[in-house]
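Right after this note come the structures.
Two complexes come next, and they have one chain in common, chain A, joined by chain B in the first and chain C in the second.
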Partner chain A sequence: MSEVDMLASRGAAKSGSSGAAVELDCKGLLCPLPVYRASQAISRLEPGAVLRVECTDRGSLADFPAFARQRNLTLLSATERDGVQVFELRKEADA
Partner chain B sequence: MAIIDTAAGSAALGAATEALEIRGAARRHGRMKGLSPDAGRRRYGDVRELIASPANATPLVRLNHVLAPAADAYLKLEWLNPFGSVKDRTARYLLEGMRQRGELEGRELVEATSGNTGIALAALAALEGIPLTVTIPSGVPAEKLVLLRMLGATVMATPDDLCPVDNPRDGAIALARAIADSPAHRGRYAMPNQYANPDNVRAHYETTGPEIWEQTEGLVRTFVAGFGTCGTITGVGRFLKERDRSIRIVAVEPQVGHRLPGLKNLQEAKPPAILDRSVIDEVIRVPDAPAYAMTRRLFREEGLIVGPSTGAIVHAIGALDSAASGLTVGISPDGGQKYASFYADLVADEVAAS
Partner chain C sequence: MSGLPARERRSGNGNGRRRRLALVASKGTLDGAYPPLILAATAASLGWEVGIFFTFYGLDIIHRKKHKKLKVAALANPALPVSVPNLVGALPGMTAAATAMMKGWMKRSNLPGIPQFLDMARESGVKLFACSTTMGVMGVKEKDLVEGADVAGATAFLDYAADADVSLFV
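Let's look at the complex of A and B:
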């Protein structure tokens, strides 16, 4: 992600529009570190913002749906490609 | 009378600093003789020398008011260790073991702790210049978090539901394990892992157990400690059972969802790998309310400023048949100062009524 993209995504997080997301690179981190870092990142976001997390520990496949339910986040997508799991979570107004 | 103002920039500070430098230089040049450590005079060269050992045992103090008259019970005041808890022994043994195995070189430390092991590790690590990260479960008083940060530790507060697919109360352990093992960290972190490290048991087998045996002149009949990391109950239990198989070893377990930091309910938390159930004769379950009620009685009737786990342990001693128990020793793992925020609730009613 270029610096310009990063700024754009931050802007999107603040304005609450969908599309661009705040990125969190958790590749090479074991569970539950990705959830821990996602939890911290979510708490800094405005409602409506989207967090995109990349992980490589397959435990994340079970952790993130449960995390989304617990924290009242919307799991927009969960995909896996080339050993990298990608989760997109949207912070709701009451999360 | 000379008044020295240490406010930055004051002329007096300059003068005071200069005086200290002159004294330091005099000492370095051998014109002022330094004192050598002398344990007999309670004079030490380093705070680490104060960590309890058979040569420098923590005291046993008799309980005279909160138990039935027939009871003959003593508390071993572990909070008189220099960093304030029984975990000073554990932390010293954990670090010594890691150093001997070459696990500390060029690395940082990470450990899961309800606070006391973290505080002792943080103090020892600070003295050695080793960075420490601690993962803390929920329900730890704010005072402990502040102490950890004062000692320079990085504190990661861990919610109970962090690890949805694992044991709910073990999130802090899972998080510390993940920090130590994550490939992205390239082996930068070493984890003492007090729950699985035999050095935790050895600390109590080599120090706490022999101290109790010596301090009771071999007459101890019952020993009571909590389920926590299980280092104390396993290490002391094993030592005492080897001396006399008939000594009764009693473990105290809190209820599910308890608010007794340092203790573990082994239904909601994974039993630590170092727990040896073969040395335990009995488990007594203690709910929070009588544990806190006994803690308050220990403050008021015995003058003992203890943490809530001591209240749980003394409540359990009270539940034993005192005639059958004989000379009983309970552990008082830590002092009460770190729990002021917890105790505020306990006295709130009295404050409101006054």
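Let's look at the complex of A and C:
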């Protein structure tokens, strides 16, 4: 398994059982990988869908609000607990 | 134009275009190759257009063979975490040791290698400009470059960079 495949599987987006949000696990990944994976996941989503990203890179707290601005996404929430940052992003019709 | 969203389109630059990043990559070391490729992958993730002009030793980053073997200088590198006097840094094996150390950090941090970052850049549509003067000076042929590289002079790159919102020399 190549490094990229490994990272891809680690950052694979999975549909939550509730169907409410698509989950993306970016724990253990450093910049630029969380935003890179989130960008790939967002591109596959339909407008109105929500992506939930979990990160441990300290820079993510600054990066995800900027990512949302640049990609025209709505940052629904940004929380941190036990060193894990969780971001919920909604894809808009024009994103 | 009708149908404009109420909110400002931040990924555009106000002229109805996507934002654009123009980078010059001039260093051919392992530690010199990461910053431009990380910036390029990030900007592409933000929906920006990205072009990198690989010039002088920076051309090694898109050299078919050399990009897999970029090294960290042990000689005259005061930033190494272990203090290495220049006389010691000049000894055989010291460059390999410094390179192995950085590759170890990258692996431990789950950061991809240079070949993987190049793949990410190409998948994201990043334009790779290969400096034609460097190719002439160093005897690099088009077949020596990684797939997707475009041979160009400074004029073509500046023409691209003239429409950039962010331009950086690395």
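Note that in this section the second predicted complex is superposed on the first by the 76 of 95 C-alpha atoms of A that agree within 3 Å, B and C clash if a C-alpha of one lies under 4 Å from a C-alpha of the other, contacts with A are read in each partner's own complex, and residues count from 1 in each chain.
Definition applied: a contact is a pair of C-beta atoms (placed from the backbone, for glycine too) under 8 Å apart; a residue touches a chain by one contact, two chains touch by 3 or more.
Remember, it's a predicted structure, so these values are computed and weren't measured experimentally.
After overlaying the two complexes on the shared chain, residue contacts for A:N72 are found with chain C alone; chain B is out of touch. When the two complexes are overlaid on their common chain A, residue A:E92 makes contact with chain C while staying clear of chain B. Between chain B and chain C, it is C that contacts the larger number of residues in chain A. Look at A:C31: by the touch rule set out above, it reaches both chain B and chain C.
With the contact threshold set out at the top, residues 28-33, 35-36, 39, 67, 70 of chain A are in contact with chain B in one structure and with chain C in the other. Here chain C touches chain A in the complex through residues 5, 7, 9-11, 19, 38, 41-42, 44-48, 109-113, 116, 119-120, going by the rule given at the top. Chain contact summary for the complex, chain A toward chain B: residues 27-33, 35-36, 39, 59, 62-63, 66-67, 70.
Interface residues of chain A facing chain C in the complex, by the touch rule stated above, are 2-4, 7, 10, 28-33, 35-36, 38-39, 67, 69-72, 92-94. Of all residues in chain B, only 156, 158-159, 161-166, 171, 174-175, 177-179, 181-185 touch chain A in the complex they form.
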